Amino acid sequence: MGNRVGIIGVGQTHHAAKRLDASGVELISEAVTRALDDAQLTISDIDAIVIGNMDHFENINYVDMWAIDGLGACMKPVFKVTTGGTTGSTVGACGYYHAASGLFDVVLAVGWEKNSESDTQAAIATCANPTLERDPFAGAIGPLATEYSMYMKAFGATEEDSAIVAARDRNNALNNPYAHSRQAVTVEDVLNSPMLSYPIKFLDMCPRSDGSCAVIFASEEKAKKLCPKPAWVHTSVVRHDYTHFGDLEWKFMPTLERASAAAYKLAGISDPLNEFDVAELYLPCSTCGVKWMDSLWFCEHGGAPGLIRKGTFNMDGQLPINPSGGVISTNPIGATALIRIGEAAWQIMGKAGGRQIEGVKKALCTGFGGCSWTDLMILGADLP
Amino acid sequence: MEKVAIIGVGQTKYERNKPETFAELVFEATSKALEDAGISKDDVDNVVSVSSDFWDGRTISSMAISDASNAYGKDITTVEGDGTFGALYGMMRILSGSFGVTLVCAHHKGTESNIKGITNCAFDPLVERKLGIDAISSAALQARRYMNRYGVSEEQLALVSVKNHGNAMRNPLALLPMDITVADVMGSRKVADPLKLLDCSPVTDGACTLVLAAERPAKKLCTNKKRVWLRGVGHCSDAYRLGDRDLSDTRALKDAARRAYAMAGINDPRADVDLAEVYDAFSYMELMWLEGLGFCGDGEAGEQMERGIFNFDGELPVNPSGGRLSAHPVQVAGLQAMAECVLQLRGEAGDRQLNTPETALVHGINGMCGQSHCVWILGK
Amino acid sequence: MGLYEDKRKRTHTPEGYELLAHESGHLEYDFNWHLGYYWSRFLAELRDNKRFMATKCPQCGTVYMLPRQVCGKCYVEMNDWVEVGPEGELEGFTIVRFPYVDPNNGGMKEVPFTSIWIALDGADTRLMHYCNEHDEKDLDVGMRMRAVWSEERTGSIHDVQYFEVIK
Amino acid sequence: MPDWKQEVDVMIDAGKISVPYSWTVGTTLSRFYCELRDNGKIWANRCPECGNVFVPPKVKCINCYQDLNDWLELPGTGTVETFTVVRYQEPTLHPRPAPFVYGIIKMDGADTGLLHFIDEIEPEKVKVGMRVEAVLEDERDGNILDIKYFRPVK
């Protein structure tokens, strides 16, 4: 068996639509420096480094090589993983496996993106099959709009339900100094914002951001030595089942259902709504904050609107979701899913500042990307 | 520490302009690897794919091969780099205790893209990229620096090309088997001085899949004859800008090799290693890397090449497959080299079988001018 | 936390130097993607016979549109071809109104266009394509649609111009 | 191979990825390029810990991961550490027609080399160890091509 692994430090940049003051490498160094500060380590304590992003967003080939100065990786083992929108969680999982393998003790995992450097929609279009799917592919919003339309029809969910989610996450972001978009909004503001693609409106959707996040993973022995309260990794699960966009099964979010079912089993979780104390979820759009609650087994299919209307997922609710403000407040794509892991770790470590939930013992984080792919990680205050 | 074995290998033939899609190549290699291991799709619990968005011309290059790689319903991830790094991640995932049997599959179609434009994008857009530098011209700078520092001759470089293309004559999967002389290499078209056409590896298409297994499933699923153990591994990266490095220096490779040797318990690589597959993207690289790996002193590889030490019938055969000079599917290259060593260690290398090797070394690189290295020790 | 300097609004360095950007200008990277046996046959059938050919899994029977070699679920090669469509049901749509860079040529993509997911009759997965309606009011999930063919067909996905609603 | 595959003429899709980029130069290199563009000077920065001097300047020391706030002006001369004569044409990449010479120039006053063109000399006459100096463009835009090339010191 491998090592148990804890997160001992997290750093992130102040995210924004455009960080003119920081090149990609400078953004990375900002996140890495802050993660080292957070863990009270220096770069010489780091045994190995993992990085990822979306290549065509900044047109950097071999980003692991290019980022060396920002990573502090010269004359160290450095590794690149990348899987599109789930890159951040893929980087996190890779950091975890590095430390769990016993080959490395202290591992720095870094995600970043400078979405301001290109036309994000054009870059996303290149993820469709160039011959058969690129031209009619309308980007991420199309499948999300479609699945929520069908969900509303099937279960009586409303546009107001997703607006409640949007207002919740956006107002949570007011407590997060790093968030890109920090603006108090009401449910009415969301409902009245311009329609992007029915039923998704402007304030339902994620922005594109410049930003970076760094998370430090350590083997059990090192984590105990270096950190008074590590966030222990309980499990990491990935499901990337689809090959073409047309393969999606609309009615549910099957990769999320399968990944979460597998992860709960591994982590011994039978009642996720009660057992988790906080969740940082990759919800690219507020409608996902409704429908995907079913797929995470928080309720029966169709049960999510009822929970949302009761305030179940608010800061003071039964299971607070996205105290950070989530993806609709901050979205530097290659870092986005790693920010979920970092924020969840801070909640467990008690370092989440103004967005801290009291007494977090177990936290759930997810990544989303590709053609509805899911990555998922469970963290805990106690050893697994 | 838990032991991990390679229990199956599958490769396509390495060619130019292969008609198949990325997925069709991956399915061929992966089906062959499963068949070689004698296991079913359900014995596999996770997949590591290796590909590049730049070379494939597609963001999320792994999306194209999700079904073809046997990933449905399984944990999958993607390494962008040489195949040796993909195998390393496969091993880490097994050592973590989370997985038992890992598929590592890589695909590459060099003939579908323009190597110069794509490798130009490996350079910083804020500095060197505007000058038009690419993999070939930067390698030429490194070759000159290395030759100048150690007094290595162009003829010594040419010997590497003669040897490896000759070795490829015995490998039915290689793209460029050739019976050539030093004079042929010296007389080939000048590309970027001191490199000539026959100092450079060809653009190539192909795919390769390895099956890795933890000790228990390895012993349960297949016979002793099929198992080759991963005994040691190490990786390390040097600085990014060409001007930050002394390009003739192999310190990152030395560090990667030190890690791999320590893990495998190798004290004297020259004596303990029976064959090596070394990343010869260009002829000069084989000489530099042989030195960095500690098979000889710095600056000595050229002279030892002249003495035939690294020939097929020499003291330490290097690149018996024909190396990257005879087939260079960039993302696949490391797995291709690992597959060659597995076949050699099993005694299944056909016409190019060496005499009962016990220990093999595989070397992969990442980035320009061998910025980063991954070194493997494989054993019976 | 929160003690770090927030540099988001800067337009100049602390010493007063202008913060610059480097523009790439027009860039293009060329590819020659080989379409393999399955997509080549699929496109040849569109071109020559105006029909949609899908592959069927010999084990689970799933009919894949787009066709492909491998049924992911069963991990077997498919060699059975079946005709699907040319009519089908609208499963989802998006009307794109905001222009963005077309990665085919670096110019701006023409808008509006309507991207649809259509379940062709007989297929178990969906084809992504265009529809000629550009108003949400005229489209609804579940509508019946049919293919409208191009006069000049070249072996491309555009050999089908778009799908239209069957009134 | 199944029969149907033998009857297929495999097609090739000649396509592109064509997307423009606007790269943020950032705090460190903006200072470097502003000095080059506005004042015609080449600046470097130095590590307070190991003393290494980097050109182009860096955000962090590659050895010590220290901030590099100590800036100094370089004389613009240096020594050719290595070079190549590029013989192939690649008009979409190369700012000039082949043959031309790339060199890595170890800059006087710095510990790193700078990649650039070497010109005003026949390619066959370039030597390792040769002393060279930077020649700047008259019209400068704030990028690395504001240095036109390096030429032998007379």
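Letters A, B, C and D name the chains as they come in the text, with residue numbers starting at 1 for each one.
Going forward, a contact is a pair of C-beta atoms (placed from the backbone, for glycine too) under 8 Å apart; a residue touches a chain by one contact, two chains touch by 3 or more.
All of these numbers come straight from a predicted model, not from anything done at the bench.
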Farthest chain relative to chain C (centres taken as mean CA coordinates): D
Chain centre separation (chain A, chain D; CA means) in Å: 36
Intercentroid distance (Cα basis), chain B paired with chain A, Å: 34
Chain C and chain D: spacing of chain centres that average the CA atoms, whole Å: 39
Euclidean distance of C-alpha centroids - chain A vs chain C, Å: 26
Multi-chain contact sites of chain C, meaning residues that touch two or more partners: 13, 19, 21-22, 24, 27, 29-37, 39, 68, 72, 101-104
Sequence positions of chain B contacting 2 or more other chains: 19, 23, 57, 66-68, 71-73, 117-118, 125-126, 239, 244
Residues within chain D bordering two or more other chains: 10, 13, 15, 17, 19-27, 29, 62, 92, 143
Arrangement of touching chains [line / ring / star / complete / other]: complete
Complex interface listing, chain C residues touching chain B: 22, 24, 29-39, 68-73, 75, 77
Of all residues in chain B, those that touch chain C in their complex: 17-21, 23-24, 27, 31, 41, 57, 66-68, 70-73, 109, 111-114, 117-118, 125-126
Complex interface listing, chain A residues touching chain B: 1-3, 23, 52, 54-56, 58-62, 64-69, 73-84, 90, 93-94, 96-98, 100-103, 123-124, 126-127, 129-130, 236-243, 258, 369-371
List of chain C residues in touch with chain D within their complex: 13-15, 17-37, 39-41, 43-44, 79, 81, 101-106, 155
In the complex, chain B residues that touch chain D: 19, 57, 116-117, 120, 125-128, 130-134, 136-137, 140-145, 148, 189-195, 239, 241-244, 247
